[in-house]
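Each chain carries a letter (A, B and C) given by its place in the written order, and its residues are counted from 1.
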């Protein structure tokens, strides 16, 4: 049995080598399962994998600031034994001299073995992945414009997996700005690929889930949803509560904002109504949508989510580079991928 | 005897593991003696300690620029075998999205084993140390607002120790802006903890040492002071001359500034009046308060002070991480801590 | 024979240890030949040299942005096993506090074993090299003002060497802005030191090669040149075509610019007239002076040039540090330096 699972892992691993991940559609559900298993394996003993990517170089090309995401990509590579080059902020780059993203990436792919890019323009990561393919260098999308931010979703999935041992058969509430929050859309779409989730979509009418996301849920044989206005009414039945920020500038007038705001703030009073093992997620940064008093509650999972993001990036970076995690193919985690 | 001193060092070392250093009050005089001894030990043979912090990650969170300080913290970690992540300048961070320092630090403490922070607001380092304590990650204050900048003082002490073999029984002159210079206040207060220093406070009336620092000297059984206006009159009796910058904007009118300025500029003419083994310190950067002609004088210790700062940060970082310096417990330096 | 060539390499190597490279006049033609040989040797097997500079630290002091150059210096050190500190952009430095370059470099030379500097002011690298010499730390000029940018020229030479197996006995065309392009001047001057090159200088009258560069060619016994207006007329006889950007702001009026612009744009139509093994170089970043359609042409060498730049920086950094490349002294490449 072990040898069969090891073989399946090996096949999946070989498919990932050199692949760019611009959206989560670049990964099959089996690939995602493999990455979840690897993150779990890495978490058990970080030292075991500390030299997996010795001699490798990651370039982080961040055309707009995102401390959390950049440091997560970088730490992931450092904890695997690799090194990092890059820039943070377009003002430090040749972009100011009129160079295209494509040229910058072709240049950098002479230096780096793998690239993580973040850019304000939609489509930038796809352009980058094509430019880097000349040198066989994989590109990971660290967020481009309104598009997907695939490693955030991987972090979310890994956090749910760590809390519940599964990412299916769950009631998942999403609360706040469901219209503009790209992380929410990506999470819903990805959970639909695995199936068996009941979504509770909690938002004001002004910030409802867009039609194409609803269509995605309806197209799933095993997922369904309900739309509600009030977090308090539904919090008691949720396994996962995914909070997002409600930005004042999204509202037509201040009165509406002030009236609705508190409905979408999570505080200890609302937590009292929730299940004892509910997990609270948030992509961060938060402003005031989760009260600081909730941080000490063991159900608060948003800082753990940061750690899970790093572990998934370790799994992803090593996989795209084709650097096997020592001992993984004989591990229980590898075995579980097959089941 | 060796075993007793090794035991005392071990006790002191164990007290430092995981501790944050926001001000120098977070360290006992014995801890400071231990760090001075470690810096000396490191200086003898940098190669011996080159893998002390293998696998460790330092995060430098610099919300305002300070090349010298940031590079010193980073080099210290690299020379110990560790690695570095971080940012320099608030514009590259999520702070621009309204995230609190506390949240940023909780996020980063998922990535790093130790954090050095610099922030324009007083109290930021304390807030950071509390946030990082959730993950057991120690924080070192790299300067916050008008408050203490403890590693600068450690650099100063180590330089004096290297020049005189002691940090007591000295005549220490401090010259220039003694009112606003936080490094000066911190150095005086720390030397008072060790005792037996005669301070010569050299400044214009407009920039005299504040009362609370004078109180600190007077509270010491073994330290005393005198206040004078003219460097030239007293330079002949100083063991240490600590220069600071006199900023024009501190004066009420330009006439006063022009009249007084030259009194507080150190040049070869004044150096001729000084003792042959006097040590000139300066926290840097300097503008014109030390003439460039003094740089070649062997009594100029301000560039050596930079190196001493790096050595003390190596001692501090490895100690807070609980990473023992190979061979230190059997060394003469360890023995001297006990005496 | 091997032992003689090894001895000659060893002599050349010993001359480079600790040397700063502000202009290419800091290197003899034999030194340049040695560096070309080392780059070639490194390229054959990067893993063999991956620990050449273990424990070393490079500081990149970039007072103005230049992603390509900075990342190339940094990657070079990382691929040799060393580590990197530094800054990119003057706003992150103590320069904002009025510190001189000289003081900053003296400070940093306490941290780093070697420094690469880029600065908008002519002469900055020379000042830096003098300041760093107090600590025996070599400085490499990464570009200062209108002056030489020596490692760009080393990259150019290495690319030509890789394509033709030689840097002499070639017809070298230089096209575009030959008046202000410092990389072009530096390349011409350096090729003249090796001799036997026929230069074809292709530019509008407004942007002709300056007299002092022409003088340099005329002073060479074995080099000569011709000046022409039209790339199309001469492309057929070139071995190397070095393209540069023609900036609109260099022209007196827009009509002239529009009339001339297309003459200096390289496109597939012009490439049809060129030799089958011509090499197209460009210092990058390009704007529109080379059509993107040319990128796939095997004669396009400008991205390879980026890789060659990194290899030459590996050769240079290790040489100035005195870190021998394992196995090099017994290699064929070392032997060829003597011939």
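We adopt the following convention: contacts are C-beta pairs under 8 Å (C-beta built on N, C-alpha and C of every residue); 3 or more make two chains touch, one makes a residue touch a chain.
What you see is a predicted model, and the numbers here were worked out from it, not measured in a lab.
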item	value
Rotation, 0 to 180 degrees and nearest 5, that superposes chain A on copy chain C via CA atoms	120
Interface sides of chain A and chain B: same vs different residues, half threshold	different
Intercentroid distance (Cα basis), chain B paired with chain A, Å	41
Multi-chain contact residues (two or more partners), chain A	83
Residue numbers on chain C that touch chain B, as the complex places them	55, 57, 59, 83, 85-87, 91-94, 96-99, 102-104, 106-108, 110-112, 134
Chain A residues within the chain B interface of the complex	47, 50, 65-68, 71-72, 74-75, 78-79, 83-84, 88-89, 284-287, 292, 303, 306-307, 310
